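Residue numbering begins at 1 within each chain, and the chains themselves are lettered A, B and C in the order written.
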Amino acid sequence: MDAGLVVYALYLAAIYGLMAIGISLLWSSVGMVNMAHGATFAIVGYAAYFAAVWGQPVAKGLLGAAGWDMPALAVFIGLVAIAAGALFGIVIYLIAFLPIHDKQNFAVRSLIITLALNLATVQTLLWAFGPQQKALPRVFGTGRFAALGMSIRVDQVVTIVATTLLLGSVLAWLRHSRKGLEIRAVMQNAEGAALCGISTRKTALPIMMLTGALAGLAAVLLSQNVFVSPTAGVTPLIKGLTIALLGGLGSVPGAVAGAVLIGFIEAATGAIPFLGQRYVLFVQFTFIVCVLLIRPRGLGGLLDETRE
Amino acid sequence: MAPQQAEKRFFEVGRRPHEITIRPDGSEVWRRARVPLTKRHWLAWRGVSNPRSLRRERRLLDKRPLWWTIGLGGLLVVTPFLSDQAINIAAIFCIFSAINVIWTLIIGTAGIFSLATMAVVGMSGYAAAAANVYLGVPWPLMMPVGALVGLVLGGFLALPSTRLDGLYYALLTLGVAEICRVFVSQIKVLAPTNGSINQVGSFIPADWLLQRPGLLLGFFAAFALLLAALLVFRLINSERLGLLLQAAREDEAFSEANGIDYRRARLWVFILSSAALGAIGAFYVMFYRSISLAVFSLDQLLLLFAMIVIGGLGRSEGAVLGTAIVVLIDKGMLDLGPLRIILVTAVMIAVALTAHHGLTGVRLQFRNFRNRKKSESRAARTKKGGEVMPEEATEIADKQQVYYRLFDKRLRDQLKTQITPELIAEHKARPLGQHSDALDRVLNYFRRGEMPDKYAILRVGAYTASTYKVLAFSGRPGHPPRVVDDKLYASMDEAYHAVFLLRINDLLAS
Amino acid sequence: MSDKLLSITGLSAGYGPLRVLHEIDFSVAAGERLAIVGLNGHGKTTLFRAIMHLVGWQQGSIVFDGVEIGGTRSLGEGRRTPGIVRLGVAMTPQGDAIFPGLTVKQHLDCGAYTKASWRDRALRRDHIYDIFPQLKALEQAYVGKLSGGERRMVSVGRALMADARLYLIDEPSLGLAPKISQRVVDALIDIGLDGKAMVIAEQNVALLSGKVDRMIGMHAGHLRGDVGHVDLS
């Protein structure tokens, strides 16, 4: 087990953590399971691809001489990804949340609608762009560098650092800002929050934009290794859901812990000779089944702020 | 007083849906046929005596058997005349409906959110196929083998269902499905040719496969399978297990306090349903004469899930209706390409946005909506007190009560206009004796009141130097009157006036 | 009636097929402290919830400070509640709708929904601590773990944080020991009402008699005591 593997595991954990935290956060604050995350993934991938296609010559022309073109392009693609993810979050808000959030049977119906949105988006992308995969330029760093006596991939480190910073700031924002306070109030008692002048609809919108943006960032970071295609979001959606459930739905520390564990398992399974990539899902699911049998509510258990 | 004929709105009282009634001849003896070997009747006829026409009538209470017969019977009769492709679609519809009906049993009746349906179907199919191809088991025995394997798998899957709930269990079953898929694909001896078993024995002879006779035979067998699945649903859902679980669905803690072991009932329903799914899996293999890894695919599972949610969870009609809609779009409109999946998702979104509990719950939802609108318009129409609501009026046997209450209200409204300070001063001056017309009317109304509305005067102290208090009657035998307040009145006249004022207050407030 | 802070005419409200309020007419003037007394289940809470748009359906007009906030409505409970709160109506619901995982300080901050009150929320918090001295020590405690009386104080304090014009206090003594409910009611009575109004719904008449300007009885969805009342003297 070398450091390269550890970094790879953390890299995977960072990406899956972005998805899982988005799902957990949305469930605990709004009471909705977002199956359309996979669609966000795919759409953001295409948006980033087109942004890269358009932006690469521009960046080269403007900043190519100084050598800043790649980082600038990286930032640009990142911003486009976040914006596209937030935009799709607004779409999900308008279709799956707003019409039915105070009606009967909201949890099941929002599940169905987001599932339908997922399927529809994937099929539309298939129909529009065909099933061929496209590759994003490797803007987040190429090559390796030597550290601790081993060679580590630059883009993985960049991903890990960027994700940690971003997630840290998001969680700090939730804990300390006024909007975060409103969101937590709505999470715990919707009627009490309404009596304090806090509207559920007005707090759900930033949350959905936020989770969409997180998924978008995850899409762009992962597409360094995985190609952009309409079905790119299926596996990350399943992984995100399973990690969110593994960590206890609604528990953000649980989602982080689950993401780290699953990341390590995936890296380790890929490295073990007689298992290989084909067995990754199998091993992960076996692990999850075992954990759920021991702790039926996932790793996070019941915290004060979770919703049933 | 010109008669006011102009706009008189008549409000409908109650709602009598159009009933199927039979008016048998008065001298006929009533016979009701029973299902052989049971005590059930085929249809739920109820005999009533119509009080207006004084004739005997028979009404059909539950019309659902009619709809089932028309729908499925129509399918059975029409399909042999359609094209080959249509027959294939009808057969697929029957198989998927059977799976969905049993799945509704698991999700709706037992309340276990299981996504392992296709895993059970697939594993039993593979086991039955392997038994037939490698162990030489003859094809009639494939279904029992499949049912047995389904039973065993159900036993394994049922154990965690008591510990995990809701989405966590769904995740577990998703994981199990994935595990099964990898498991099967890795066992080379089971499925040498990229995970599929071919040339499986079946009730369809080999030379009939993909020919019209074979398709027809396959369709009729699939139809029989659907009927069997519906029978299993009926036997479990409407009998003891289903009733126990319905009690648990309403209120778990209360049913447990009543001694209903709903956990065990849930386990039993799950295991029996898994056995049924296993049998369907074996049929699936026999129908296609082969089985491949595509049976485990997630897309297929999500499509089946879409079918049952469109139809509405919890009812077998929902499963069949949802399957019909999705299969029609998905397989019937193949020339649309990827657009048909988008159409299916559009239907899903439309149904989820408008219907609370799927398409089969629309009737109940509309009825609740209409009742709510009726109560609101009732709130707009009514006046304060006194009037009997039309819905209440149908429940009162003696209709004179309705008219009396209306009369009473009109009288009170008229008397309220008569109460003036002059009237009160007149009564204060002379409580007993000759009164003006208005005061007489008011006093007569008070004297005609019922006991609970009346007051009494209590003498306190000796006869010569007594004071008076006002009491209120309770109106119930055995319950003494209660003191209204602590005021003491020096003379009877003052006490009479006090009682008068209290009655006036009650009149004004009513 | 232009001087009336709140005037309700012909309000009927209910849940589904059940009609709880039958055409209530009711008004509150500025500077008035008013008590609505009656047994449980007779519609006091429904009246407050109808003003806040939290009942199943309602009909009739509610005019608050010249703005019509009532009207015919069915379903969509709570959709307009934040808007009504921001107009200046503060309600302390029955059973205190508290947030179990937030601290007392965060509760009080939630109550400061206007920009001005958020900016000087520390000052306002101190003001609340003056009214309810026990809360000062419990500033960082989770409200889910506090006792009933302390929760009631937090709930009332939260309603006082922003500058509301109309206070609707629902059953301040519900589930509390007599000493503590006395304390809560005393604190409510001490709150100054210039240009504002307070309506308290209470089952325990003795707690409030003599301390409020007006007392109205509510029975079976009808208000009594303010309608066509004849002087008994």
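Here is the rule we use: contacts are C-beta pairs under 8 Å (C-beta built on N, C-alpha and C of every residue); 3 or more make two chains touch, one makes a residue touch a chain.
Keep in mind that what you see is a predicted model, and the values were worked out from it rather than measured.
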item: Chain pair with the higher count of C-beta pairs in contact (B-C, A-B); value: A-B
item: Nearest-to-centre chain - CA centroid comparison; value: B
item: Centre-to-centre distance between subunit C and subunit A (centres being mean Cα positions), rounded to whole Å; value: 43
item: Computed distance of Cα centres, subunit C from subunit B, in Å; value: 38
item: Touching two or more other chains - residues of subunit C; value: 75
item: For subunit A, residues contacting two or more additional chains; value: 103
item: Subunit B: positions in contact with at least two other chains; value: none
item: Complex interface listing, subunit A residues touching subunit B; value: 33, 95, 99-100, 103-105, 108-110, 112-113, 115-117, 119-120, 123-124, 126-127, 234, 238, 241-242, 245, 249, 278-279, 281-282, 285-286, 288-289, 292-293, 296-298
item: Subunit C - residues contacting subunit A, complex; value: 52, 54, 75-79, 81-83, 85-86, 90-91, 93, 96-102, 106, 109-111, 113, 118, 142, 144, 158-159, 162
item: Complex interface listing, subunit C residues touching subunit B; value: 12, 14, 16-19, 22-23, 56-57, 59, 72, 74-75, 222, 224, 227-230, 232
item: Contact footprint of subunit C on subunit B as seen in their complex; value: 371-373, 375-376, 378-380, 384-385, 424, 498, 501-502, 504-505, 508-509
item: Residues of subunit A touching subunit C in the complex; value: 102-103, 178, 181-182, 184-185, 188-202, 303-305
